[in-house]
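Next come two complexes, and both contain chain A; in the first it sits with chain B, in the second with chain C.
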Partner chain A sequence: MSNQPVSRPNSPTGSAKTDLAITVVLIAIAIALPFFVDSRYVMGQIVLALFYATIASQWNLLFGFSGIFSLAQMAIFAFGGYATAMICFYFGWNVWAAVVPGAVGAMIFSLAVGLACLRLTGVYVALLTLAIAQTMYQLIVTDTECFTMVGSICRQFTGGAVGFARFGELGTRALLKGQWLVGNYAIVATLFAITMLFTYAIIKSPIGLAFRALKDNPGYAVARGVNRFQAQLLVFGISAFFTGLAGGFYAAHFQAIGPGILSMSQLMFIIAVVVVGGVGTFWGPLVGTVILVAADELMREAGEFRTFGLGIIIALSIILMPKGLVGRLGDLVRWSRKRGQAAHREKLAESPAPAGE
Partner chain B sequence: MLQGVIGAGAAGTLLANINSTARAQDTTPIPVGSALPMSGFAAADGIEFKNGLDLAAEEINAAGGILGRPIEIHVEDTKEMGADIVSQAMQRLIDRFSTPVLMNGYNVGTNMIEMDIAADNDVIMMHYNTLISHNEKFKTDPDRYYGCFQGDPPEYWYGPGCLNFLKTLSEGDKWKAPNKKIAIIPSANEYSIVIANAIRDKATEYGFEISLFETVPFPTNQWGPTLAKLRQDPPAAIIVTHFLPQDLAQFMVQFLAQPINSLVYMQYGPSLPAFREIGGEAVNGVIYSTVVGCLPDDFSKPFREAYRAKFGPNSAYITGSQTYDGLWMWAIAAAIAGGPSEPFNKEQTQKVAAALRRNVYRGVNGTYRADPAGQSTYCYPTQVADPSLGMPHQFLQHQDYKTDPKLIAPALYATDSFVLPPWFK
Partner chain C sequence: MTLDILMSILVAGITTGALYALATVGLSLVWGSMGMLNMAHAAMLTMGGYAAFTVSSALGLPVIAGFAGAIVIGMIGGSLLYMLIVRNLLKNDKSTFESNVMIATVGIGIALENAILMIYGGQPLKQPLSIPGTLMLGPLALPYQNIVIILTVVVLMAFIALLLNRTRMGRAIRATAQNRDAAQLMGVAVNRVYFQVLVLSGGLAGICGVMVSSITQLSPPLGNDPMLKAFIMCVVAGLGNLPGAVAAAFGLALLEAFIQYAAGARWGFPSLLFVVIAVLIWRPSGLFGRAQIRRL
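What follows is the complex of A and B.
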């Protein structure tokens, strides 16, 4: 999203119009996709990409728009997934009833993380949040105490190294039979759309401006009356709610959640998505997801060069496009506009209006 | 009704006979899918699983394929594994190649999601995850999971099998247990923990007590803190249920810096060449067991020789043998059923599954016979007393790191006797 000055009060700006046009096109593509995609695999990858884009958009809200370099994003996602799975597993709830409490749980967890980070900045936030995520991983995988028996299998309270499986599903299998994946796609696409809508509303609101002010110049922002305590907790809470909600739906979609979701490679992929797409840009996480998921697919046959190829893309992106693809596109648009205006001025100067007109 | 009893040597002849009577009008290749960890920490095993498939496919095709149609292997990498990656890999194989069967090796951390992919697409899925959760999931809906088979016994049988082995050994004259203590060291993964829990829960029944139960991270090579605890209170036997060969070799290297008079039993990893290569002389004396692996007998000799001739002297036929047997079993079942089927052809896939349930197959790993309650292989001798109806739970010992380990139990299959480890004083 570009930061163009407001041209006229109470009317959409140029960037808002562009955003609206992109949204309409994306909704049309999203509706048309199931009619063109036959492969379950491709549909499954699109669902997975939508999860990545949702997580990345919320990390972008935290880091790109608010300047908080948290590495607990996958831990919050996992918290939402685990909370949903555990509510269903231990209390027999329907997945649909469990996802919102799961997201609220993730939000509370994130607020605690936010409180712990309140007096820290920069790399220290990254270190603390990474430590929290790693502690969570270790606590889960080293949990071997038998909490309950499932058939002849001993199950740990946290699911241990195995995690949880078959605790419930979204109900699309019973409803749509063979087309259940399209149903899940519709659910996850709606979740992504709602998340993006809320994110847009937040970054356009005074709260969003406060986030950005704190990122750009914390001292000046506080001096002008922005409450850092409130703003930081708010951004941790909002981003965690949607991240946790995505975690719950992820667990329900795959009918499984395990500690592997907390691995460093998953976290790095999300960060790479935002960096390639454009840190601090609204459409960056979506563009980054499309590029990296597509590149990963295209390089599938390249064997061991696949990971190398992804690394090259990320490295080139950082060197050639520090603002990401969306940031670079924004620069191009601004440059072409300026050029157009300059050419127009030159034209006017070269051919002055005839006298008498 | 007759149950087919098929041996690996006879399998080629049987398949060739079926093929000779079939009128091979359709000669299009049959795609066989396999979701294997070709990169990441389990890549060494993934490569061997693929080798096993390649060798079996070559032999099956030489015998005329399945009703005249040759087999074509397609592999998808499951990298670090986990439910999402493995399910995507399997779905991709089905969508891209229309594979009627998915012949996997093992994948960890999947919560047996493989069974859902097979059920949703009506394909046969055979794997060697060695998990009791396969049986538990099958029991929840046998009609849905009709096409899912575990080619080896679940890991649960390692527990009672190991305790029975130690008890029998202590009753003999080769090893006198200094006490009744055993120390159990699992790592944080399902396979290791289920085995460790099974040993812990049954220990008192076999007259043992647990002196240490410590879970280590997965993977790990820092054994110092665990070894310090073991040296403080030496048990009669140390049971490490972690399974990665490089980590287990490191355990032995660090253990021998200050050894104690305890037997060392490990899980799976010592069966792989990497264990001997990394540990060297330090691995002499280590006991391990496996519920699936190529038997060192005359029957499997042609396979072992063909495997090493094709894939090199350091290749691990003990791992490749699993998918090798699996593919042969499926090929015969598909030929008997009249064809391999294809995704979403439930009727034909059910016929292939029925043949896999009924056939008893003597492969290079021993006998495959599906337990109808869980569609996993029966385990001999802890689950069934008849060796012709169950896969042997083999106990082996590294006696000279320069040569292959020796099979010391069960007695019917043993080629050598137990030797007291060199670190005993």
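What follows is the complex of A and C.
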């Protein structure tokens, strides 16, 4: 058939040495960034981008590395954020104490979703998770029953269409005064780094291999003794923990959370980030975030064309580069290497060819 | 008076059931024959509704022209979807087609919805293709609009059934659905079948959009709610099973109407979802689904 190799010699993450080099460069950039950026707006967008990158990396762990097309990613993120906000709002906890219970809550929610959905495969999972996310959105938005009274204002249990605000903060304002945004940046960047570190460890571990095997050839993986349901439930739980944690910090950073983050366009943005960056590549989500946030900023000038442009970008990039930018780059490297090898082999093959006649 | 309420719930349930059936068949046809989940179906529904609006109120043409306009726009949408997206994605690796086409159509859907928002604005518009008045049959009040919807859907279902069972094209579609490679080896032009199916499904979406907007209002997210429900109906019936999809659409729509009456409108969809999940735990490939999913 085609002369493409059946198994790719490189793992999707590239070699460990390259990853280490990239990490060192990224950490240097991350530390240097606050000294070069003095616009508060840009800094705010960078923090937001880090949240996107965190969510996208976890969706990539689900879809890119484990082959589960879940559309409940923003619902889990929102669950973490809501849980954190509600713990602070109703029990008066400090935000720092509430983020971990919030993340655990998101994990439990995700496991429940997984128990219901992961018996199925492929598009069935996508449809059910989408339906669950939409149900969550509708139930929150249509919640009108008074749960408590704050002053003379009625508060719904889920915050209703308005959501929660002013339930606490990360404490950086008191500590750093005018530079609080840099403090929040440091917190969110650390969160992103820890998430990536854990994700890397999971991908490289035996269980990560099981996830990948289930994605690449479910029949073979199961025949070799991998329990599909258990393994996929596990990856659902792991990714939900970090997604929920990001949700908690998101709520704390903006000091507000509302049903808006459950909207379709937010979910699309995360999918677009992963698709443009490269599905199933470790650095893909980060690359995708940088490119899409930059494109988003440029399209902001165009105003209402923003969502339209995003949709077109998603469709075009999946057609033109199904493996994303990082995947394309990998292809390029492999192609040039193979060309070098092929030229070498041709030279060897030239002499024995007539002898075969 | 309880009979009255029961009757109006039944009428509402059957009408929405007919609409869901139309949306579900459009989705299920595409899934069954080509393994493609068309996430842009909602946008095609909306496009149909707006096309009818434009033709009959902005251009002032008769109602039937508006209806035809919706079908034509839907069909054009379907054919563009094939030429710009599906044909290109089919060139890639077969195993990635399923998820890639889903992502690509998600993008197209969101772009189309936004384009409609930019052209027509966000405020709800009234669909001119609606018939006022009610037919009184003793205690039973039947709005003419509902009668028209139910009759149109029945006619369309019969048309699709005939098309699939009696024509050469239908035979090719069924053959492709059963086994793509075998059909191709037997000389079926599989790519042409894909094109035909998408055009057909686009036309159905256009009609469905007109119908949905005639009992509600025209707004850019018009198609999202029917599509979401059509999704879970497809899942309950087993994706790709047309008679099952129709049965599930009517059954679930009636159930939804009853729950909305008994427990309030906001619990309608969550209860449907609960039923669907319960069904799927019991039968993972849907009530009538072919055992496409290997249980691993």
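The rule is short, and it goes like this: the second predicted complex is superposed on the first by the 312 of 357 C-alpha atoms of A that agree within 3 Å, B and C clash if a C-alpha of one lies under 4 Å from a C-alpha of the other, contacts with A are read in each partner's own complex, and residues count from 1 in each chain.
To be clear about the criterion, a residue touches a chain if its C-beta (ideal position, glycine included) is under 8 Å from a C-beta of that chain, and two chains touch if they have at least 3 such contacts.
Note that this is a predicted model, so its numbers are computed, not measured.
Of the two partner chains, chain B is the only one that A:165 touches; chain C does not reach it. Using the contact criterion defined above for the overlaid structures, shared-chain residue A:116 touches chain C, although it does not reach chain B.
In the superposed model, A:126 lies in contact with chain C only, and not with chain B. In the overlay built on the shared chain, the residue A:138 is in contact with chain B and with chain C. Residue contacts after overlaying the shared chain place A:218 against chain C, while chain B stays out of touching range. In the superposition on chain A, contact of A:91 is made with neither chain B nor chain C.
In the superposition on chain A, A:335 makes contact with neither chain B nor chain C.
In the overlay built on the shared chain, the residue A:146 is in contact with chain B alone; chain C does not reach it. Contacts of A:271 after superposition: chain C is touched, whereas chain B is not reached. Taken together, the two complexes place residues 138, 142, 265, 304, 307 of chain A in contact with chain B and also with chain C.
The touching residues of chain A, counted against chain C in their complex, run 63, 69, 116-117, 119-124, 126-128, 130-132, 134-135, 138-139, 142, 218-219, 222, 228, 264-265, 268, 271-272, 275, 304-305, 307-316, 318-319, 322.
Against chain A, the residues of chain B that register as touching in their complex are 38-39, 77, 80-84, 87-88, 91-92, 94-96, 109-113, 116, 121, 132-133, 135-137, 139-140, 156, 186, 188-190, 192-194, 196-197, 201, 213, 215, 217-218, 344.
In the complex of the two chains, the chain C residues touching chain A come out as 31, 37, 85, 88-89, 92-93, 96, 98-100, 102-112, 114-115, 117-118, 224, 228, 231-232, 234-235, 239, 265-266, 269-270, 273, 276-277, 280-281, 284, 293-294, 296. Residues of chain A that touch chain B in their complex: 39-42, 44-45, 48, 138, 141-142, 144, 146, 150-154, 160-166, 178, 254-261, 263, 265, 303-304, 307.
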